[in-house]
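Both complexes shown next keep chain A, but they swap its partner, so chain B is in the first and chain C is in the second.
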Partner chain A sequence: MITVGIDIGSITTKIAMMENKKLVYTDLSLSGYDMTAAWKTIYEKMLQKTGRNETAVDAIVSTGYGRANVKIATRQITEISCHAAGARHFFPDVKAVIDIGGQDSKCIKMDDRGDVVDFVMNDKCAAGTGRFLEVMARALHVEIGDFAVMSKKAKKPVTISSMCTVFAESEVISMIATGESRENIIAGIHDSIASRMVSMMNRTGIEKPVVMTGGVSKNSGMRSAIEKRFGVKLGVPDEAQVCGAIGAAILASR
Partner chain B sequence: MIKLTRFIWNNPGLFAKGVKGYLNQPVTPRLAQIILQYLNQTKLTVLQPWKRFGVFSAGFPTEIPAAMGYFPGYPEAYAALTGTAGCTVPPIEHAESLGYGRDLCSYMKTSIGACRMGWPEDFGGNRVADAYFSANLVCDTHLKWFEGEARLHGKPHFALDVPNLVAGESDERLEEYVDYVEAQFYDMIAFLEKETGKPFNEKKFFEIVNDSAEICRLFRELFEYRKRFPANAYFEWVRMFMLPMVSQWNQKDAIRYYSKELKKAQKRYKDQTSIEGGREKYRVLWEGITLWYNADLYQKVLAERGAYVVCEPYTYSFAGRSKPKGSLKETLRQMARDQIIVPFTLNLDRRIAYFNSLVEAFDLDGVILHANQSCRPSSTGLFDLQEALQKKWGIPVLMMNTDHCDPRAYAEGPMTTRIDGFVELMEAYVRRKGEGGPPSPENMKIKGGV
Partner chain C sequence: MKKFAYYDTGHEFPEEIVMAAGFTPYKILGDVNAPNDPADRYIHHYICPFSRSCLTEGMAKSHEWVGIAFCHGCDTTNNQYDIWKRHVKTDFLYWINTPAKNDATAMTYHEHELRRFIAHLETHFKVTVTDDKLKAAIQTSNRIKRLMRELSALRATKDISNTSYHDLTRKCVQMEKNEVIAELEAARERWRNQPPFPPDRIPVLLTGSDITYGAVMEILEAARLRAVRDDLSLGERYFAETIDETIDPVKALVAYHTRIPQPPTRIPFERRLEFLKKCLWETPVSGVVYQILKFCEPHGLDLPFMTGELKKTGKKVIVIEREYTPTMDQQLVSRLESFREIL
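The block that comes next holds the complex of A and B.
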């Protein structure tokens, strides 16, 4: 059985193909303005690369904010269930998933069988999301990919007290003005996101093992800030950023 | 009428939007007639100088001033209706431009903004009152809001102070609170006698109390039919349907109307629990104030997913008025008790017990808790409530961060994802319930990644 999962997020569109429960293909591209064009492009590329015909695909599940754009989807499922299913694919014992996406972050609680029992998502502010990191990277004139390395060089991480992205940005700018090092500021930024995540994790009352999915999980500085605050080692799948699409492809076979 | 004409002239686009919003509500011609009559009567009091126009906060015991001839004007009701019309943003923004903070009550800002802009009652404003009456049974916003209005217009203000019953308080303490509120009722009577120059009309008072108790009784009986399958009514209807009860205006007509509706329900169900159509796919409880500007959330977003709000303590909270007792004193004491014990303001212990009873009585599959951005009083304790419900039932609970009257606080995309996630949890919960087993957190766990 061939199933496909398409995860259209606010920043990137991800795709995954499973064949008889084996992951055979993943890809991602920017979602951009035209989400339909974005998924169609990577969908066609996937068919080409895997040498499959469209008729060979048995089921498609779409997920993410743009899920309604995938008209050919057999079903639409939220990224909550998809990330949980994706995380379980890589870590069969997983009890909780944290996912920091472009425009939201979530904590998903699962039971012994890997079934979703509860979830908490951030409130409407972008603070605590990937977008927050992007805004900060811009304010600091640093590539977001360098955040991990730089935060590790921090001698004395600053405290970001603002709970709102816009105010936090002003706070960062005033820190730059006072000569604070970028390393310390970046470590402080990670810490402020981690503190939000940990309060969400506490609200759901999640248990270990905890898996982190989503693009931000690639940032080892961010990961260690959460690990330090929550006191757990986070599992990160190889394909963390496409985990939602993988979960969607898994659920498509049910 | 002049105000409305001026409003239409100055804001043709907004008026058209408002009419569209009103038409999007699931109201019958009879209910529309009642609503319009209420709004028009508010305006007509200007032409009837022998009548007195009172401005009241929600839940105020209007029976006492009404007995002295005060018409019950409710800025919150006007703001709510403006919300259904989808027109609250301009008055809210106007109020904010006057210095009212973004996190202050959006009813208050709608009302203040609309009043300052000279908008009619249909769009949130209201004429200057002969007297302002506030009760802080739910929150203190009413007190400062009405105090400010009264001062601005040079009118009298009667502030009723209702203590909150916090967790663990004894029955003796409750009785002391009742004494305290009762004493204020006598103060209110003295205030009204001074204002009107007439002695308190006890006969009229008893008649009004009797009618308001009857209205509430009918409403409560109708509420019971929402336990049936399918429920007799859903939130989007009940939130409009409660206006005659909330306003307590034209009571005889409200009794006629509710009696007729009750007869319809009795005929519809007879003594059957389930009738044609059967049980809803998902039966949901909504805690907190409704999203006035978003009828589609109930009629489309939730309904399309098979979820219906069959119970909400919010509307039921207005149905707690009791029958008159043998004497004025006893009746006032009962009214005081009714002011203090309201489902909407229950302390956490009582609230959890109350919700547990609702989960069973209404056979619920999910609970939506409205964490209201500008109404913190109604949002307090929600996390504890969520935790208690999940612990006991394993029932899916959705915490919805938005606002009752300010559509700027509702972000459709993120909200739809949360609702879809909630529906997925309910799907598994219902499946699990169908597999049998007592409702404990252990065996009510949700199955399937979907």
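The block that comes next holds the complex of A and C.
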């Protein structure tokens, strides 16, 4: 059975193909303004690369913020269920998932069967999301991909007290003006997001093992900050950023 | 009949007194479609957007009202009284200090406050608010509450959209009361003939900040959730209890005030929880939607305790924070859909 999961997030669109429960393909691209064009492009590319015909696909589940754009989807399932299913694919014992995406962050609590029993998401603001990190990277004139390495060089991480993205940016700019090192600021940014995530995790009362998914999980500095605050080693799938699409492809087979 | 407006973030205002004085009570609910620009000149934009919308409405429409009364509510309401005095043109602006407690002393105080309000109305408008007029107003009010209870109960068994219910609750506090009764009776006939509760909808208990515009209800509908119970001021808080028609009418209003589902502006919060638990016990619901308007402090303060206690009942609870906007917020729809998936 061939199933496909398409996860249209606010920043990136991800795709995954499963064949008889084995992951055979993943890809991602920017969502951009035209989300339909975004998923169609990577969908067609996937068919081409895997040598499959569209008729060979038995089921498609779309997920993510733009899931309604996938008109050919057999079903639409929200990213909460998909991220949980995706995380369980890589870590069968997982009890909790932390996902930091472009415009939201979430903590998902699961039971022994892998079913979602509770979840908490960020409030209606960009604080603690990938967008927050992007804004900070711009303010610091640093590539976001360099955050991990730079944060590890921090001698004394600063404290970012504002969680509002706009105010936090002002706070960072003030720190730059006073000569604070970028490394210390970046480590402080990671700490502030980690603090927020741990607070969310505590609201659901999640258990270990904890898996981190989403694009921000690629940032080892961010991961370390959460691990330090929460006192737990995070599992990170190889395909963490595509985990929602993988979960969607898994759920498509059910 | 001339309108007498009131600004009340709960269900504290004694509409019956205004009715007995010969006016139609009109609850100020703001307008989510109108910009808050005039109010934003006088209130910081970090203050509750609903309250700023109410001030905007007050500034624009006060000429349509014979007077305005405030009731003790959240700090935002209470402290706005001075702002309204300065910026809203009206010949009669009054503040009723409804108590936050329900004990005997508070009831005595409340009775005094209500009698003082009556005296001010009588003096200013040269009317007489007799016990008979008050009793007649109470009877009308009770008629509305009973009708709303019947209609509300149909939510759990019939295909009644969240918006249809919300529209009626708005009419209850803004329309002339006899017109409201006619509307509710007509709705009762329509609703009784509605198809059964749709199988693709999930029944939920709705709580949190007061919902004053339809878009929030549409968000729930888009997520295929149906609010079959609630404790909102534009909702069950308004009609869950009736007013005693057999005793002194002012004392009856005071006693009524102590029995209604409690808003978060009153203490102790266990009283509010009791009503929510009663809803869960009386009506089969799959979960609880606790929505909170951004910058709504009373609910922000109640939230951790209330959600913790509601979860102890075994029900799943989702907390969503919403902006004050008429736009259908797809992010909230998505969150509620996720919630529906785990129910």
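FYI, the second predicted complex is superposed on the first by the 254 of 254 C-alpha atoms of A that agree within 3 Å, B and C clash if a C-alpha of one lies under 4 Å from a C-alpha of the other, contacts with A are read in each partner's own complex, and residues count from 1 in each chain.
Convention: contacts are C-beta pairs under 8 Å (C-beta built on N, C-alpha and C of every residue); 3 or more make two chains touch, one makes a residue touch a chain.
Remember, predicted model here, so these are calculated numbers, not experimental data.
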(request) Determine, for the superposed arrangement built on chain A, whether chain B and chain C clash or fit. (result) clash
(message) Between chain B and chain C, whom does A:D123 touch in the aligned arrangement: first, second, both, or neither?
(response) both
(message) In the overlaid three-chain picture, which partner chain does A:M197 touch, first (chain B) or second (chain C), both, or neither?
(response) neither
(request) Give the label of whichever partner, chain B or chain C, reaches more residues of chain A. (result) B
(message) For A:Y65, using the defined touch cut-off, is the partner it touches chain B, chain C, both, or neither? Pick first, second, both or neither.
(response) both
(request) Considering only the touch criterion stated at the top, classify A:A85 as touching first (chain B), second (chain C), both, or neither. (result) first
(message) I'd like to know which partner A:I77 touches here: chain B for first, chain C for second, both or neither.
(response) both
(message) Once chain A of both complexes is superposed, is A:D111 in touch with chain B (first), chain C (second), both, or neither?
(response) first
(request) Using the superposition on chain A described above, determine whether A:L251 touches chain B (first), chain C (second), both, or neither. (result) first
(request) Identify the overlap between the chain B-contacting and the chain C-contacting residues of chain A. (result) 65, 77-81, 103-104, 115-121, 123-124
(message) Per the contact definition, I'd like the list of chain A residues that touch chain B in the complex.
(response) 65, 76-82, 84-85, 88, 103-104, 111, 113-121, 123-124, 203, 205, 247, 250-251, 254
(request) Can you check the complex and tell me which residues of chain C touch chain A? (result) 294, 316, 319, 321-323, 330-332, 334-335, 337-338, 341-342
(message) Under the stated contact criterion, what part of chain B meets chain A in this complex?
(response) 383, 387, 390, 394, 396-397, 399, 401, 409, 411, 413-414, 417-418, 420-421, 424-425, 428, 445-450
(message) Under the definition above, what is the set of chain A residues touching chain C in their complex?
(response) 65, 77-81, 103-104, 115-121, 123-124
